[in-house]
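Chain naming follows the written order as A, B, C and D, and within any one chain the residues start at number 1.
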Amino acid sequence: MTDIHTAVVDIAHAPLDVAGALDFVSDPRFGGVATFIGRVRQHNLGRVVTGVSYDLFEPLALRTFQAIGERARQEVGGPMKLYIAHAKGHLRIGDLAVVIAAATPHRDEAFRTCRLAIEAVKHEAPIWKQEHYVDGDSAWSEGCSLCEEHRDAELAAAKQGGNKHGHGH
Amino acid sequence: MTDIHTAVVDIAHAPLDVAGALDFVSDPRFGGVATFIGRVRQHNLGRVVTGVSYDLFEPLALRTFQAIGERARQEVGGPMKLYIAHAKGHLRIGDLAVVIAAATPHRDEAFRTCRLAIEAVKHEAPIWKQEHYVDGDSAWSEGCSLCEEHRDAELAAAKQGGNKHGHGH
Amino acid sequence: MMLRITLFGALRDADARGFIELDVPDHSTIAQVREAVQRYVREHALTISPNLIQRSAFASDEEVLHNHRQIPENGMLAILPPVSGG
Amino acid sequence: MMLRITLFGALRDADARGFIELDVPDHSTIAQVREAVQRYVREHALTISPNLIQRSAFASDEEVLHNHRQIPENGMLAILPPVSGG
């Protein structure tokens, strides 16, 4: 299908391409385009971050992005285009980690599709973030378990906690 | 304040500038950037559209954008940057009518800020859209009344109707 | 006093110059201006529906002025039909 | 059979080569592989917490394999600690 574009981009070669994402979803049928861009922040949980490294299980990540797109298409139930790209490698502050663009005839579906996609990428895709700190230390971020039993428990806990995950993303 | 940028862009001179919006909201404190782009669609309510014209009451539109930004800042209650630009003049299919970009430390506030801003621009800013059809006809879009009594009634009706306005935007 | 009311959107059809001028009593309220505009379009711009005037707001450059407000001292108003930006 | 389990994220610390190899009975389930990995890290990678293995998922290139599933015939698995993309 040409309505879903997925990519893993090694940022040693090229940055994520927001203009390319907008081009991909552009279509005369669509009046609403919602995008989400995740960037590397300078602080996290009170520590000064100098950069992050993303590790990906690439074949499964791409399949997961595609599955997310198909789920979004089902949800929308009408025409849409969705672009999902995630960076891999070492990123500096301000570098783009993830770019999502969703286009639909009207804005509400575009926002919902974009949000669905970024939440699913964060919670389901085999991607790991390691933060590097100004003091030379580094740490893998706490994450969401993909084990069904842990995942269900974590999501239930997240709902109780006002939709915030304990691990802070 | 330099955290809110507002603009009305005469597209006879230049198109709306998505890259400029992203640059404006970019900040090492912010990990989440949500954008909304409204484009001219080829169809509306079953008619083939060849273009639209936007009429704006420019000084009040800019003040309204600024007020929307200040409301968003209150809502977020923390650091954020928000860019709101709307086109004026004659637009063709695919041209950008509105660009909103919101950046905050985390994604949830970015999405909420972006959504708040586009809803407010659509419902509160003194902007009028005239659609031109393939048969040579044209029509001003039905809109949201800015009269307090009509507005309250329309918003109440919209809520009853599952958050969809009767006039379809 | 003479009021100049700038027209927007569908109300531009009321006068090709983009505004109408009305003589109203000093310190009129917006509600009174609205009635004056209704009379004006009944006489001069029959294609404009009274309902559209009813649903329109009035504004200065700075803010929307609701029915109880007085007209600005500079005599400049805008009439804003229902909005459809975005 | 020999299983090769590719490591990701924090689990890369278990072996600098990026994978571990384990000899497991044919047709083992993922639950059994998980136990074998727990034994392996207890012996060879003490910095890895057993809780992290417990919260990790296993997958082929195509899909996450839950505890009741059997190991793939090609003997290739990936172990996925909790994810933190985006």
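Everything that follows uses one rule, which is that a contact is a pair of C-beta atoms (placed from the backbone, for glycine too) under 8 Å apart; a residue touches a chain by one contact, two chains touch by 3 or more.
Which chain is which protein? Per UniProt: A, B = Molybdopterin synthase catalytic subunit; C, D = MoaD/ThiS family protein.
What you see is a predicted model; the values in this text were computed from it and never measured.
Path length between subunit C (MoaD/ThiS family protein) and subunit D (MoaD/ThiS family protein) in the chain contact graph, taken as the least number of steps between touching chains: 3. By the document's definition of touch, common neighbours of subunit A and subunit C (MoaD/ThiS family protein) comprise B. Inter-chain centre distance (subunit A to subunit B, centres taken as mean C-alpha positions): 25 Å. Mean C-alpha position of subunit B lies 49 Å from that of subunit D (MoaD/ThiS family protein).
Shown for subunit B are the residues in touch with two or more other chains, namely 38, 107, 118.
Touching two or more other chains at once are residues 86 of subunit D (MoaD/ThiS family protein). Contact annotation for chain pairs lists A-B, A-D, B-C, with touch applied as defined. Every residue of subunit D (MoaD/ThiS family protein) that touches subunit A in the complex is listed here, in rising order: 6, 8-10, 12, 54-57, 59-64, 66-67, 78, 80-86. Contact residues on subunit B toward subunit C (MoaD/ThiS family protein) in their complex (touch as defined above): 38, 54-57, 59-61, 63, 86, 97-98, 118, 121-130, 140-148, 150, 167, 169. Subunit A contributes residues 18-19, 22, 26, 28-43, 93-94, 105, 107, 110-111, 114-115, 118 to its touches with subunit B in the complex.
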